[in-house]
Structures are given as structure tokens and as C-alpha cells.
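Handing you this structure, nothing more for now.
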Amino acid sequence: MNRSSKSGQYGIFFAFALICLVLALSTPKFFTISNLLIIGNQVSINALLAFGVTFVIITGGIDLSLGSMVAVTGVAAATFAHPDTYPLVVPLLVGLGAGSAMGAFNGLVITKSKVPPFIVTLGTMTIGRGLALILSKGRPVSNLSDSFNFIGGGNIAGIPFPIIILFVAFAVCSILLNKTILGRYMYAVGGNEPAARASGIRVSRVKMWVYTICGLLSALGGILLTSRITTGQPNAGAGFELDAIAAAIIGGTSTSGGTGTMTGTLIGALLIGVISNSLDLLNVTSYYQQVVMGVIIIGAVVLDGVGKKD
Amino acid sequence: MKRNAIFSAFIAMAFFTGCNQSSNKESGSDAGDKLVIGATMLSMQNEFIVNVSDAMEAKAKDMGVELITVDAERSALKQVEQVESFIGQGVDAIIMNPCEVEASSPAIKLAMDAKIPIINVNSETSAKPTAFVGSDDTESARIAMKYIAEKLGGKGNVLMMHGFMGQAAQIRRDNGAKEILKANPGLKLLAEQTGEWDRAKGMSLTENWIQSYGDKINAIFAQNDEMGMGAVKALEAAGLKGKVLVVSVDAIPDALQAVKKGTLDATVFQNAKEQGGKAIETAVKAAKKEAFEKEVLIPFQLVDKGNVEKFLK
Amino acid sequence: MSDYILRVKEISKSFSGVKALDNIHFDLKKGEVHALMGENGAGKSTFMKILIGLVTPDAGEVLLEGENLIGSNVNETLKKGISMIHQEILIIPELTVAQNIFLGREREVSGKSGILSGWLNDSEINQRAAALLDRMGVNIAPKAKMRSLSVAQMQMVEIAKAVSNNAKVIIMDEPTSAISDKEVGTLFQIIRDLKAQGVGIIYISHKMDEIFRISDTITVLRDGKYIGTKSAVELDQNALIAMMVGREIGQMFPAATQPVGEEVISVQNLGKAGKFSNISFNVRSGEILGLAGLMGAGRTEIARAIFGLDQWDEGEVTIKQSPLRARTPREAINRGIGYVSEDRKGLGFIPRMSVKDNITLSSMNNHRKGGFIDAHSEESVTKKMIADLKIKTAGTGQHVTYLSGGNQQKVVIGKVLLASPEIIILDEPTRGVDVGAKFEIYKLIRSLADRGMAIIMISSELPEILGLSDRILVLSKGKQTALLSKEEATQELIMRYAVA
């Protein structure tokens, strides 16, 4: 449906395939089922956040509070997830509710105050971090129930549960973006906000939805992280927003709004995950890892840009 | 316009609440003749530091001194400013939990010039303070690595997970570990990589190592418990826990639980309570111009299944 | 022979097998204004790009004073004396006028050599710019920041830049698209001065009256082919249009076929501080009300207020006897109002969305199936609208940004129509639209009225207002000065009320 972003997607797909090929040739351990499952597992949290921020970026906004929302929702969920206290749905609802509420708060301030999203979410980033520390009194919340820990650590028929969550979320987000009126309106708002308004679209409502969805997905990421490391960490998720935004942008979402796809974002997230996984496999020292990661990110986007030209 | 002004005030608040002071002033008490101690802590987001801070507060209450604690949020600049404001307030002594070896040093000089005793707790600065209370990080890694050497009988493949590269604790723990590795030529360092003190990162790193080295891994040394816990999770998931020794440092409650369960083989206990308590004691002595020790070193203790009960509250 | 500065011979160019230009000739004399005419897609822009060295032709020659320019790049053609004033003005707003004029040539102006040639010499630049602007008779301070200038002034600076480059040929692409009538006068005076200095000018514009006012010679292209070159005095508007579209246009403005019906919208004493006051009119079903006036007379502001984009301060609007006060465009749309903005790029369409997505944007609720979009009904409605409005597009999935101005406008009109309006406000509906498409849009507007819609049409083109409106409301400085019937209205009368 969206020509330019589709061709962008092909570019990034090509870049991704190329990098995978190089890695498969350089280490035999890369292309094994178990390693691929590990990558999927490691990528899942960043991908969830990246899906959320993709919606936001498509409408021409940005959300820097993702990482803080991961911490708040993780701590909030963990607080209700001790063994033999509440049934599993309680921590899940608490976490998802907290994330949606924080996202809705972002949306409300952005639409009512007209302050740029960058500033608003910079503010809520700090507020969120503070809330996480207040909720947890600065200490990790541990001793969580087995059922809660299954979310991030369990597997069904050999497939890690986070990967299942990842693909369900991917399907839901893709459908939301491509098959619903709300999704269509997101592209319209990001593509030309005044024209969208003049076409009768309630721009504020679309933005409210988008930030709320982003909060919800961050909460899902927060719950997954908490369950994976079996503790609610108040300082978890710091810097996650940058990885998520990077995944979206590598995947062809334009920061000026109006374009982007979930498939692109998924590939972007996988690309980042594959690179860090394989640099560990190849035992590249951490100083070089950062350099290599940066070079590959820029390279992928350049390659993508080349593919985009008519 | 007005809206914007209100909003920016709101944002500003959000930013500055970070440096709000939390004091344990007891209302109605005559604070006038009480000793006042100012404390600036590396980061109140770090569990160990929070524990030290709690111990300081408890001790201060016991001794009847007023303690003002502020959070430097890992910023040395902020820390120096906080010490300046302590000096301005005329506190009787200052306790500093330094953010950085070099960058926090100016604070020492400021306090010395103002003739206010300043005590470093937990980690060091290049400038010499009135007194130092803490433990030697190098020693903690030596203890951990010695344990590994012992358990493996001096032979085997070891992986090391670093903290944030370049931080004082990472460098010391690295030095300590490498010392022991050198002394045991049968131990081979298979790979080393940073997990940035983070549990999720430690877990991912271990997963990737398992892919690379699989059965060859005999032991993992993680420079803190968070990463060690991550390693344990990854090994458990791969069904390798029984075969790989995991040792880390700090003895946080989670790690103690894991030692008790037998999933983490050992951790090294750094005594937050002692550090905090001794810091207050030394500060009070220095403020009252009584005799005090210039260097109070709190020893580390190895915690394994045999003695873990002692450390669990 | 030697009075030709530019001779273009047998130029051909194909893009991926499609002939964009086929054997084009073009001669420009010293001191001549030579208009290049043609509908969008006729090949004008490819031709321009070849002249300035952006595109290399497959065959043919471009001779500037006998020297073949084929193979020269943009910088080289510029140095040799061909400058282009672009439709979208290319300036750096934070630099001064003088800095913009000499941008990229600081080294040659600095008058220093070696290491020092990298040193800026702003005083020299300012002096030269002042002399230049003075010679052109333009009152612009060289030290003024570019962003403080009006669009017309920026254009003068662009021309000054071309002159300072010792341009022998200046290409002007739609230079009057964004400037007022008075400023057009200044521009034309400068063009005449340039002529007197022997500069040749290639002038591109859609505005017929301008072409006849300023040009000496007219060359017409159509579908990439050379149609002919005539002296301007030999041609009149209809003959020129016939050359451009390849057929005679006897009747540009179709007449009404249905009688006017009941009153649909009534506006009483509408006012907004500083914009307009005391505006009263009504429009009946099947009627086209023209809103005439100069730029800034308040026409667009009235339209925006009715449509809920802005709020009015006093007065009232009723639709079929019930009051309307739209706080958002959505409310106006729900009450049956459609608005086709003059600002097509800003308010009309979403450039990176497809024809289908744009056209259904205001009526998505008609394509709701459960919580999802009914892609099938969307597609069929879009196809029908493309056929009805004769939108030229590669398909429903084509991005609107790749369509021509006229087809973009049709997409916007299609979007408005799909929301089933009873009242349509068209603001400059044919701005930036080429002649052939204009005619189609006129037919469309009339047919909408014949289907019973009430139409308010704002236009600055008097022939359009006179040809299409049933009644004409004239505004001047925010006040209404006349309400004329079709019969009594003439260009002179409208202009007299418009400046009252």
C-alpha cells in the first residue's frame, strides 16, 4: 500500500540477508536452530518497543520514555507477582495498565499543550524513572512466581515463549497499521497533519491512541524483561528507547513521519540483535563491538537508501 | 504561551527533584547542638549503595547525629556541587561515596580547604581524604577467582564478564582476577566481554557464549551478582547449570537466595552495613576531633552454600 | 544570425524507452523574452534541465554563442552564462541578501590569493550587492536577512544573483506563482531592463495574460514534440490554447443545465477581528457563488471560518435554517460542507499516501467492516471516482505526490465529494493546473452544481469568476463591496469594487 516504504523494506531486507550470509560463512555456530532461537529471544523486547515507537514515529512523533516505562511497568508487575499472592492476571493487568496510563499521559500532554513530543517524553522519561525507584524503593523486586517467570523464560514445543509473544504482537500491530482505519489515520496524520485535520480526522484522538499503544507495548516489554531476569529492576530499560528508535529507522520508518512498516521494524530489530549476537560469537571485544555496530547500522541505512532510488 | 511556561516549570521540576535532599531531621528536636553530617552517594538507583546509605542512616540515628543524604546520580560534577553546598551549610563532616576517581577529587580539596573532615566510603578518589572506609575491590575478585581455581583443581576453561569498561570497580576486579589466573596456568580464559553490570545483558552474553563454546565452559566469573544471576538463568535454560561453575561479587539478596538454592555457586560478600556504620563512626570521631583510623578496610567474605545462612536476614 | 545567443537543435531525449523530447528546436535572440508553453508533461522541465546541464540529451546540440554545451554540468553552464530562477526559490534564510547573491563565489569576491582566499570579505560582498541591486532599481538592503524578505523580494535577489553571474540567458520557471500583482509589475520592469542589456530570457508560466504582456516570441511544446514558434503579436489566447492542447476550445465554461433550487447556506454579518467583517450572503442549491477580490481581501479567511479551521467572532451561519458553528473541520464535514483549499500541498492531500488512501480519507466510515477496513469497497469506490473525474494515474496505489497539479486537485475534489457534501467551497480550484485540466475542472464544478450542490468558488482569475459564477460577491480589505449578478458583472466592474 505504501510504495516508497515498501521499496525501502526491500533494501533493508537485502542488507539483512547479506549480513546474515556473511555471518553464516564466518562462524558455523551462527546458523543453527538453537542460536536462531536465542536471537529471537534476545530481540523480542527491543522489537516490542520498536513496534510501539514505529506507530509514534509514523504519526510524526517520538517517544523517549519507553525505557522508563519498561522499568515502571516491570516493577509494578513484579510487586504483584510474588508466589502465592495474586493470580497471574493481576500482575499482567497492573503492568499493562500502568504502561497504557503512562502512554495516555504522554498523549494527553502532547495534544493539549502543543509542546513537542520530544520534550514531553523527555520529561516523562525522568518522571518514569523516578516512579520506578519510588515504587521499588530503589531495590530490585525479586522472588516472583513460577507462572510469572514462564512468560520470559518458558517455552512451548521448544519455542521460547517471548518469541511467540513477539510474533503475535507483530501480527496484531501489522493488522492494526494496515487493516484498520486508525492505522490509515496514523499515516495521514504523519504524512500531513493539517491536511489530515482538514479531511475531518480527529488528530488528537489518533495521537492519544498511538502513545497509549506505545505505552502498552512498552509494558509488554517491561513484563517480558522482568520475567526473563526474574526481578523487577527500577533501573532496567535505560537506553532501550534508542535501540527501539534505531530499529524503526533502520527498518525504513522516516523520522519526518508518514512512512514505515512493521515488517521493516521487525527486520531492523533483528538486524541489531543479529549483530550483537554474532559479535559475541566471534568474541569481538566490547570496545570494537560498539564501533562495528555503528558502522553496520549506518551501512544498512545507506544500502537501504541506495535501494530506494528510482 | 502560559501553558508552555507552566509546562516548562513542570519539566524543570521533574529534572531537579533528582537533587532534592532527603534528611532524617526529627521534627521538634533541638537540631542546634546535634552534629550534622552531609553525605553524597554515587547513585541511589544502585542496590548496594542504597544498603550502605540505609546503614549510615541507622547508625546516625543510633549516635544521635543529623544526616543529610543526597544522590549524585553518577555525576561527578553534581557531586562536587553537592559538597560545595554542604560546605556552605556548615556541616560538621562530609561523607562522600565518589562517582569517579579523578573527577570527584576536587570535592576533597574543597572540604579540606574549608577544614571540614571528609570521609570516602566504598570507593576511592585520587585526592587523599581525611579517611577512607571501604573494601579493596581487587581483593573481591581474587577471592572469587581463587574459589574457581580451587573448585576446578587449577585446570579448566573460564569466561569473565566485565562491568562497565573503564570504571574503577571493573578495572580492579579485572586486575584481581587476572592475578589469580596468572598464578594458575592451568586455567584458560576462553573469552571476556562486558555485561555492563546488567542482568539481562549478562544473560544474553551467556546465551551467546553457550553457542560459541558449549561444553567447553567450566566456569564463569561475573564481576557483579546481577550479571552472575543472568549467567545462571542462561545456563539453566540450556541445561548446563550442573556443569558450569558460576561465581560473582556483591552478595545481593537475590544472589544469596541463589547460593542457598545452589544455582549460584558462590558470591563475595561486601559488607554494606559495616561500610555505612564505620563511615558514620569515623565521621563523628573526626568532627569531634577524636582519634580515628585513616583507613578502615572492611574485609570481603566468600559466601557459598556452607555459610550462606549467616548472610540471609 | 549572430544575434542569436542560444540555439537548440534537434534535441531528443528518452527515459526508459519513453520519448520525453522529440526533435526540439528553440532559438533565443539577444534581448528577447521567449515564452516556452505547454501543458504539464509536454516536456518543458526536461528541456530546461538539458539547458542547464542537469540532463544529457540523446541527440542534438545546445549552442551558446556557437559553443556546444552538451556534456557541461550545472556549474559549467552557470559559469558560461545560463542561469535559472527556480519555481521553488532556493535560498538560505539565515544568510543575508549579499551573502546569498555571492554564495559559492566567496573566493573570487574576496580579492585575496593563496591561504587568505578562504577569508570572507563581507564588506566587499555588501558593496557589490548594493551596487547590483541599485542598478536593478530594487530597494533591498544587502545586509537584510533573507528570511525577512517577501517572496517577490527573494525572487529579485535570485535574479540579482543571475545578473551578477553575468548571465547571458536567464530561465524563469513560473516566477509569478507566489507574488502579488504589484510585485509582478516590478518583476516585469526588471525583465525589460535585462532585455535592454541584451540578456535573453526564457519565460515559463501558466498565466496567459502574463505571457502576452511580457513575451516577444512563443514556442509551444506538446507531448514532447515541437509544435511551433510564433511571434506573440500573431497569437491570441484562444489560438495559443489551441496550439497547446491540440484542439480548439470553443467554450471553456459550460452553462448551467438545471434551475437553481432552495437556499442551502446563509451567512449573516459574519466578522473576525482583523480579517473580515459584516459578510452576508446565501447560496442556493445548484448555484455557483463566485468570491472575487485581491489577495488579502479576506476570502480564504471566510472559507476557513465556515469550515471550522478558524473561528469567527460575530455573526452566524445557518445550513438549511439550522445554525452551524463548526469548531473543527470534522464537524463541518458532518454538516455537509466540503472544502477544497487553495493550499493544496498544505491542506489538500497527503503526498506520500496513495490516490486511494487520499480519496477515501474523509469517508472511511463508509468502508468499515467490523473494526477493519473493507479494502474491496474502498478499491471499487476509488476506481469509480478515478473514472468519473478522469484522474490520470497509474493506478489506485500511485502516490499522489507523483501526479500532475490538475490530477492532484481532482484527487482532493474526489475526497471532498466522497464525504457527500451539500455545500462545496472551492478556493482557487485551478491554481497551478494546466489549461487542459482547467477546462475539465470547470466542467466538473458545473456538473456538481447541476447535481444540486451549492458551490462557493474563490478565484483570483477573473475570466474564471465571470465564466462560471451565477452570482459574484466582491470583497475588498475584509468588507463586501458588491454582490453582482452574472449579467451585470464585467472585469472592469469587479476590479473597481475589488480595490474600493
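Just so it is clear, A, B and C label the chains in written order, and each chain counts residues from 1 on its own.
One rule holds for everything that comes next: contacts are C-beta pairs under 8 Å (C-beta built on N, C-alpha and C of every residue); 3 or more make two chains touch, one makes a residue touch a chain.
Since the model is a prediction, treat every value here as computed from it, not as a measurement.
Asker: Average the CA atoms of each chain to get its centre, and name the chain whose centre is farthest from that of chain A.
Answerer: So the chain farthest away from chain A turns out to be C.
Asker: Return the chain label for which the distance between chain Cα mean and whole-protein Cα mean is smallest.
Answerer: A
Asker: Rounded to a whole Å, what is the gap between the Cα centroids of chain A and chain C?
Answerer: The answer is 43 Å.
Asker: Roughly how many whole angstrom separate the Cα centroids of chain B and chain C?
Answerer: 68
Asker: State, to the nearest whole Å, the distance from the C-alpha centre of chain A to the C-alpha centre of chain B.
Answerer: 31
Asker: Would you mind writing out the residues of chain A in touch with chain C in their complex?
Answerer: 1-4, 175, 179-181, 184-185, 187-188, 191-192, 194-202, 258-259
Asker: Spell out the part of chain A that touches chain B in their complex, as residue ranges.
Answerer: 27, 29, 32, 34-35, 38, 41-42, 45, 109, 113-115, 119, 122-123, 126-127, 130, 133, 137-140, 142-143, 153, 225, 228-231, 233-236, 276-277, 280-281, 283, 285-287
Asker: Mind listing the chain B positions that touch chain A in their complex?
Answerer: Per the stated touch rule, the residues are 3-4, 7, 10-11, 14-15, 17-18, 44-47, 50, 162, 165, 191-194, 198-200, 203-205, 207-209, 211-212, 229-230, 233, 237, 252-254, 257.
Asker: Tell me, which parts of chain C touch chain A in their complex?
Answerer: 307, 309, 328-330, 333-334, 339, 341, 346-354, 357, 361-362, 364-365, 367-368, 371-373, 375, 397-399, 415, 419
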